[in-house]
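Multiple structures follow.
Paired with chain B in one complex and with chain C in the other, chain A is shared by the two complexes that follow.
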Partner chain A sequence: MNPSLKLAWVVLLALELSFTQVWTVNLVLIVISLILMLACHVPLKRLLWLTGVPLFFASALVWSLTLQGSASHHFLIVIFTRMFVYVYLGGLFTQTTDPLILTRSLEQNAHLPSKFAYGFLAAFNLMPKIQAEVASIKAAALMRGQVLHVWSPQLYFKAILTAMHWSDQLSLAMTSHGFVEGAPRTQAEVIPLRRRDWWLTAGSLIIIQVGLFTGLP
Partner chain B sequence: MKAWHLRDIILVTILAIFMGVIFFVIGPVYTVLSAALAPAGLQPLANEILLGIWVMAGPLAGYIIRIPGAATLGELLGAVVEMFLGGVWGASTLISGVVQGFGSELGFILTGYKRYNWLTLVISALTTTIVTFTWSLFRAGYASYHLGFLAMLFTVRFISVFLFGGVLTKLITNLLARAHVVKNIR
Partner chain C sequence: MAVVNVNHLTYHYPHQPEPVLNDLSVTFPAGKFSLLTGISGGGKSTLLKLIAGLLPNSDNHGTIAFDGQPWTSIPVSQRAQTVAMLFQEPSLQFTMDTVENECRFVLENLQVAPDAMPDRITTALSFIGITNLRHRNLMTLSGGEQQKVALAIIVAMNSDVILLDEPFASIDPAARQILLNKLVALCTDHGKTIVLADHDLSGYAHWVDHLAVLEAGQVTLLTPAETQARFAKFVPEKLAIHPMIPSNDAATVLQGTQLGLTQGDRVLLEPQGLPLYEHKTTLITGPNGSGKSTLFRALVRLGKYQGVLTYQGTNIQKIRQRRYARQVSLMFQTAAAQFLNVTVAEELALSLKYGRSTDFSAERLDGLLTRLGLNGRQDQVLYSLSSGQQKKLQLLCMLIMAPPVLLLDEPFKGLDLASVTTVVALLREVQAEFNLTLILVSHQLSGLDELVDYHLKLDDQHLQYVGVSHES
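== the complex of A and B ==
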């Protein structure tokens, strides 16, 4: 399926389910995303992780709602299943979508300006360097006997200096390699947006609307 | 009004990734704190205490980059980083990212993107708390809590957001001002 449509579908659903209270629809979505994840060969370890974490948080949430609030049983079931829907839908999306293809699709199909698409890509490719930089900032401080915590301004100060330095260099490098903001571009890899994708998105959304608004528990 | 250029886009993304990497260590703390508070039915409190750390990317990006949308984009990209680094909440992280980012953005909107001082950060912390709390009322069923408990959660959340998004952001930008590295921060 087209990555942009898939993203829109997942976000729209998560948003709508936050405001509706039908646990049967939640349950059906949980089962469907589980089947789809199994069909896409998501590793079992990841699936267990995706089940354990919401199990803990949903149970804790339901428990505190029982102790500190006045929620009905129906609402508790809704909240419990809702946490699983969030995690499973999210898992289905991240496990079956490649960030590079998603960015290309957002640029080509969703018409995100190319300066954003390529700016994001350029920065995200620095991820390993950024992780190493945070470690080296901390190590450098330790050598002078300073321990930097999450609440130490120095840690962020140094990170921001590096961020400004790198973004200057990267944007200069991109410009010198011929990147022009707003100029028309050709694509090396075209991401297809088929009729089938639209039908699948619209059809499943309509079915879910029927489930949500016909008085199911 | 300043517009977005390639350099700013890369800067806000790198900033968001830095914040994401720094905060990745907070994940286990959240789980441990939740587990410790859960038996007493106080699990939401873990969320409230740490929320300020998560929403910090918003006010920091808004304060440093000073282009409309910077706070929202910074926080949204932070959520994207979390999603692809292996956070479990997936797409709902993106929605929370937009909600939190817009919350702090409101603070800058209300001051017209002109004043950047304590007042802006206090307003931003307040709007962040109000907007994210409204979202929690629906998403996590907060509306069913007793009023006293709800007031306690709100207060803790505001303190957390103010300490990290307000006080810490101000301390960081003070350092930047002393170093004379950013033209518009003095």
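== the complex of A and C ==
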């Protein structure tokens, strides 16, 4: 499926489910996402993570709501399944979409400014370097007797300073590699936006509307 | 072919009293290999960035022209094919994930037709001899490989003028030699104009006719005879003294057993035993990119290694990180990596708070600041200090901490000889006071004879103590 449409589909759906309370639809979406992820060979370990983390938070939430005593059983089930829908839909999207294809699609199909699309991609590809830098900042602090935690502002101050330097450097490199903001470019790879993608998106959204508004529990 | 003309160029960085380039005029001949040299911080990078059009020069004066055509009159879409630049930091010049995707990205920018791309990429990669890297992820390549990819991209772009800013600063000699050969081929066989900035002049004598020297904001072009004389003078400095080989019964503080280091799939250090001696100063030397900094990162647990490292007999992985960091600390190669605050005073206060001596007097601190030429700068923002001042402040902060083992990665980088002398004296004083173990990596060797006890040489993936044997 076209990545831009897939992204729009996931965002729309998540938004809509936040305002409706039909747990059967949630359940169906969870099962479908799970089947699709299994079909796309998402590693089992990642699936377990995607299940374990929401399980913990959903249980904690339901437990605290139960203690409070005012929530109905129906509401509790909706809340519990909703957490899973969010995580599974997110998982389905990230695990089955290649960042480069998404970038190309956003540029070609969604007509996002290419500077934004490729700037994001460059930053994404720097991830390992950013992790190493954060480790380095923490070590530098420890050597001076200071412990920096995930919530320490100093860690972010330093990381942002480094990121600013890197982004300058990256944008120079992009310019040097012939990238000009807003200039026409050719496409090494054309991301198709087929009629099938539109039918699939529209069709599945309509079916979900039927499910949401025909009085299912 | 394109000749590069720089005319009466003046460039002033904001908030700096002196212009870094002052009424500079120079011509880089078409189809020639020009080498630009000068002290670090002297403006080489600035000049190259201005020629490449990467630095706006609106408030300043002067013109830059390619074959007589001013930069500003070249259509935006043609600029990358006129001039391209290869940067000092290998890993920060790519947008995409793999080599092939980066090449495609560049060709898309140049509006090359999609069906012409594969051939052009193949030709460029095979010219540099890296077709095997085509599908590799850029972030997993070594610095040398990344620079080869960067050059292959410029070849694919077919730019007339190729600028290189200290491209060999962090890559190994073998990769450097290959890149140099390719650059020479690009000049002689393909008529490219090449301008390379480097402060290290070794290995260029065969290729370069005219050395361009950037000094006090101006470039002087040397004659062939002067150029050769300059090359001949540039022999790597030798250590003035002959350090001893450590005796067998000397006490070790850090000990590596079957210690091995790799970078990606490149072996930096074959597994070997490595003793580092207590209360001594050990100097580690070796070619660029051979793994000296990687060794330091392993010693402070910032990098992976094979084998076992022990500190005072305990495996360093079993010591609490918080405790270990105070025992074995690293003075990073880039000063900014050490700083955690905004002003000089804040940075010093942090060191004083957790430092070794509990009663570090204000007079003593003032004295030290004066000796390092940093007095009166307490309220200054760290990042507005010059690189030499940053380096000296960084050292002072680490010396106040005075960890039992202090690793120093190029502590004299960018310092003038007078500063080196002061810094060495300080290091010796603090070492004597607290009985420190100092381990340093340095390319700068003059003025170190008083300081160094042992010399550890990293060569051919092997670390070995060199010097005079003990005679008991």
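In this text, the second predicted complex is superposed on the first by the 212 of 217 C-alpha atoms of A that agree within 3 Å, B and C clash if a C-alpha of one lies under 4 Å from a C-alpha of the other, contacts with A are read in each partner's own complex, and residues count from 1 in each chain.
The working rule: contacts are C-beta pairs under 8 Å (C-beta built on N, C-alpha and C of every residue); 3 or more make two chains touch, one makes a residue touch a chain.
Predicted model only: the values in this text are computed from it and were never measured.
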Of chain C and chain B, partner touching more chain A residues: B
Touched partner set for A:Ser70, first chain B, second chain C, both or neither: first
First (chain B), second (chain C), both or neither touched by A:Leu170: both
Chain B versus chain C as contact partner of A:Ala139, first or second or both or neither: second
Which superposed partner A:Ala14 touches (first chain B, second chain C, both, neither): first
Chain B versus chain C as contact partner of A:Ala188, first or second or both or neither: second
Partner chain in contact with A:Thr214 - chain B first, chain C second, else both or neither: neither
Which of chain B and chain C A:Ile160 touches, first, second, both or neither: first
Partner chain in contact with A:Phe116 - chain B first, chain C second, else both or neither: first
Footprint overlap on chain A, comparing chain B with chain C: 99, 118, 122, 126, 154, 161, 166, 170, 174-175, 179
Contact footprint of chain A on chain C as seen in their complex: 49, 52-54, 76-77, 79-81, 84-85, 87, 89, 91-97, 101-102, 104-114, 117, 138-139, 153, 157, 300-302, 321-322, 325-326, 329-330, 332, 336-338, 340-341, 350-351, 353-354, 383, 397-398, 401, 403
Chain C contact footprint on chain A (complex, rising order): 99-100, 118, 121-122, 125-126, 128-129, 135-137, 139-147, 154, 158, 161, 166, 169-170, 172-180, 183-190
Residue ranges of chain B in contact with chain A within the complex: 4-11, 13-15, 17-18, 21-23, 25-26, 31, 34-35, 38, 40-44, 53, 60, 64, 77, 83-84, 88-95, 138-141, 144-146, 149, 164, 168, 171-172, 174-176, 179, 181-182
Residues on chain A engaged by chain B in the complex (per definition of touch): 7, 10-11, 13-15, 18-19, 49-50, 53-54, 56-57, 59-61, 63-71, 75, 78-79, 86-87, 89-94, 99, 115-116, 118-120, 122-124, 126-127, 130-131, 133-134, 150-151, 153-157, 159-164, 166-168, 170-171, 174-175, 179, 181
